[in-house]
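So that we are looking at the same thing, I have put the structure below in structure tokens.
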Amino acid sequence: MTTPDLNKPSAPGTLSHWTEEQGKGTLFSGINIGTETVNLVVMNEDDILHAHTEVTEEGGFIVSQRLLEQAKRKLMLPAQSRMTLAATGIGKKTVTFAQKQSSDMVCHARGALWLFPEARTVLDIGASGNRAMSVSKAGKVEKFALNSKCASGTGSFLWGMTKVIEASFEEMTSLSSGIEHGTKISNYCAVFAESEVISKIHGGEPKSRIVAGIYDAVVDRLMEQLNRVGIREEVVVTGGVARNTGLIRALERRIGRKVRVPQDPQIVGALGAALFARVNVGQE
Amino acid sequence: MESFNQFKSIVESRHDVAVKWKNSTGGKVFGQFCRYVPEELIHAGGGLPVFVLGQIGEFGNVDKFVQENTCPYMRSCYAAGLAGEYDYLDGLVVTHACDMMSKMHDFWRNRTKVPSVFLLDFPHKINESSLIYFRNVLDRFRGYLEERFQAEITDGALKESIQIYNEYRRLLRDLYALRRRDPSPISGLEIHTVVLATLLVRKEVAVSLLKDLLKEVEERRDSRPGGVPILVTGTDVDNLVLYSFLEDCGAAIVADDVCTGSRYFWKPVDEKLKPMDALAERYLNNIPCSRTSPSEERYAHIQELAREFKAKGVIMPIMDFCDAHMFDAPYVLDQLNKNGFPTLKMEIDYTEGGLEQLRPNVEAFLEIISGEE
Amino acid sequence: MALKGSSKNLQTAMEAYKWVKAGYSNAHRAKEEGRPVAWLMFGVPLEIIYTMGIAPVFPENFGALAAAKRVGFQYCEAAEQEGFNKQICSYARTVMGLTIHPEAVEEAPSGGLALPDLLIAPTMVCDLRQKWFEDVARRLNVPAFFMSVPDHDLTWRTGRPEKYQMDLFISETKDLIRFLEESLKKKFDYDEFHQRMRWSNETWDTRLEILELRKNRPAPMASSDYFATIYPGMTGLGTKEALDFYKRMLEEVKDRAEKKISVVPEEKFRLMWSGIPMWFNLGLINYPEQFGGVMAIETNYQALPRERSNDPFEDLALRYFHKNASIAVDSQVDLAMRFAEDFFIDGVILSYTQSCRPFYIFQAEARNNLQEKMGIPCLMLESDMADERVYSEGQVRTRMDAFLEVVMKQKGIKE
């Protein structure tokens, strides 16, 4: 891996020159084309300057162009400027104009480590799947574990449950707070688990205990992956579902330690891609 | 490559190929699922042994007769049988080589138009008594074939067939050896297409095709796409889609330990022994399948191949519900990890959608082991 | 339809749990006292094991026991963390979980499994049994012996095995004896062996008599009694105690049959249970009783009529090869149909245990044949034998009720 020589003065007329003049530093961006969501991160060497998350059905090529235009306007960059872009996520190949591509998992690890340099275990809880990674100090992914096929993705599982419980994510968090032992929900198939919950509601079980039980069931699934990679401090949790405080608390209780959740847990993949774009700096 | 295209078209039009052969020679076609069948016996009687294959993602109305939660590959083959695609078979040899496969005996007998099904028992353990037993099994198999052929299978014919098969095995080993080049002149998808095609034609035809192919591959100069060198081990009988998928993700498959790959042809039959003894000995002592014990030889074979072909990592695709391979996996993968080979286990379900779901994992794995961070 | 244990009718069935406890504690005691302990798969000739003074342990049974105690799935989870796929036999996952992570459950049922000095498995029934013990042998560094036996799917049609098939079985049996003699530095007592063979054959005959009595209407016992009482037959074959147990059971069943004492006040319909039960929910077997339905018979683990020989090795081989023991698809379908007729069955429940494929793969065809050829309604219940996470109360309840409605309607019973 070559380290860019950031001290070298850049030629006039180039983006690097312009952004340096503006005091913004050299810029890089990363775009994560997921199944439902697209994330964009624009950064310089020190900071994230712009981050955007959007749920969309547009194709990767179109939406990346649109989001980049949007980013340039926000950062007041000249319209014709270009910055090095790396793409990740399931749709990364559609972003044909990206200079580099990197796999989603590796980007996640990279991003998490940048946010929390002490991160050694990264757990990504997504809509359709969870995965755990153990990361070395140098940022190399050592082990990874993915959820087995039949186990439901956490995001969609919880989403289904909000309908059954008839409560929002926030309401679920407050419902379950303070409950040490929830109702046991043993079925790992989302469809059957939902009917299990329904029958418990009809059985008169208090919702607070059921929600705690739902969180416990989700944590059971997450522990499968965590145990396979080994839990080492610090544990960082990423992915949109990490915003669910009730779930995070249940996880912390289970592993007996606090976890770190980024302020914006959804952009970690795109952040990692932007960091990857940095390797290619110097060309426009 | 000119000669490669011939292999490709054999796989794609395999039923036509078999029927054409049958019509032009008047010979008998025998289907089989497993490499433990001593094909030389069928060949010596003038028959054509063909591997029965499924069609990825195609399961027809099999659920009516065989529950889900069973080997998707066997179910797909059965769907083909039920749809009449194998009506041209004169017999089907079902090996007791894995639970699901051996149960296929009754299913095919009861509901397809294949006129006769023979259950070939295969011992679970390799030892002296098993060898004697297996020799007896082969005698009965020979008797069954002679009855189907309405003709004797002579020792002389058997000796000749063994020679042809051994030549075939040598040629495939030569072809495999070319993969040691970096980059390999033949891709994983190409080589598996070649091997699969040779399971569908008479071996003398395969020999002639392979000779031409070898010449072309040796001289191949157009640059092959790079890729992370990978060894594939696991349940795979016919899954060309899997190989093309892996190579599309960025792997270069340089070696394999699968039933329709190296395990099929790795060891020759000893031509110095009497033919029936030689067959019993070779088929029993061939690189063991996951369900046969002792398994140490198979584990050693995997490690040896990984080293010889300089694989950077090992990918293990395991078919859903394949007990034997699933049980082996923790130990095999652990041993490989300890010996410096990173590993990735893939759960495959014989559908294309199932593979696509695994793309992020495969790509991440390849990126991590290629050290390109 | 919450998970619960079954209710039993026979006194002997209610006592049978003592057998299970005794088996486990005997093995623990043997370990403490330095006597040899062996882990066995079902199918190993127990007469040989008992003759050598070995304390047997049955890991497959532990899978059932842990499930019945409602902790099995925790061991399964532990095994899955080690890389054992969820689709693998739940008995195996339970035991691998116990072996690698005994801490997964605070109090292991019956103290768990005493650690083995030897492992013995026959290669019959399924491939996994051999792989399982191969793995355990590696982890615990314990010698393992695999009895390689011919596939008995071959012989069920002809009924009589050929000499070369008998030869393999017998030579493997003798190899087993040699293996035990060498491992335990002890000579095999052939006299004791012959005595034990006599006991086991008498046990077999006694169990056959009990089976015949179950054809009586009303049924003198239910499947719940049967599943509770198979333990001595599967783990104690060749002991005097097992023989005495079944003699007592026979007396009890005979008595009830004569006096027409039945399972329900009025037997309105009879059901057959096919497949491995859900050990964590045996109570399901009693569910139809509230409607006057009795689970009159089940298709697995039965002692059935077979050929005999005076030579004990031949006799063991014939026991293995007997027609009715084959799990070939046709054999099991045939058995299901014969039982449905002989035991006057009005409906069949097919317990579709997802992680045991060799055993249930015949069930779709069994259903097809029973329904189409005999007009007997069938219900396929999807779950697992030991992993209670794969159980859906709602689904089972709805389907069960619908099925019972069909059965009762067909019989002209008003609810």
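The chains carry the letters A, B and C, assigned in the order they are written, with residues numbered from 1 in each.
Going forward, a residue touches a chain if its C-beta (ideal position, glycine included) is under 8 Å from a C-beta of that chain, and two chains touch if they have at least 3 such contacts.
No experiment lies behind these values; they were computed from the predicted model shown.
Looking at A-C and B-C side by side, the one with more C-beta contacts is B-C. Distance from the centre of chain A peaks at C, each centre being the average of the chain's Cα atoms.
Chain centres here are Cα averages; for chain A and chain B they lie 41 Å apart.
Each chain gets one centre point, the mean of its Cα atoms, and the points for chain A and chain C are 49 Å apart.
The centroid of the Cα atoms in chain B and the matching centroid in chain C are 36 Å apart. In chain A, the residues that reach two or more other chains under the touch definition are 148.
Contact of a single residue of chain B with at least two other chains is seen at positions 347.
Contact of a single residue of chain C with at least two other chains is seen at positions 83, 85.
Put simply, chain A touches chain B in their complex at residues 1, 90, 102-106, 110, 139-141, 144, 146, 148-149.
Remark: chain C residues 73, 77, 80-81, 83, 85-86, 388-395 touch chain A in the complex. Chain A makes touch with chain C in their complex at residues 148, 150, 186-189, 192, 195-196, 198-199, 220, 223-224, 227-228. By the touch rule above, chain C contacts chain B in their complex via residues 82-85, 87-89, 92, 123, 126-128, 130-132, 134-135, 138, 146, 148, 150-151, 153-154, 162, 164-165, 167-168, 171-172, 175, 328-330, 352, 354, 357-358, 360-365, 368, 380.
Of all residues in chain B, those touching chain C in their complex are 63-67, 69-70, 96, 98-100, 102-103, 105-107, 110, 119, 121, 123-125, 127, 129-130, 132-133, 136-137, 290-291, 293-295, 318, 320-321, 323-324, 326-331, 333, 345, 347.
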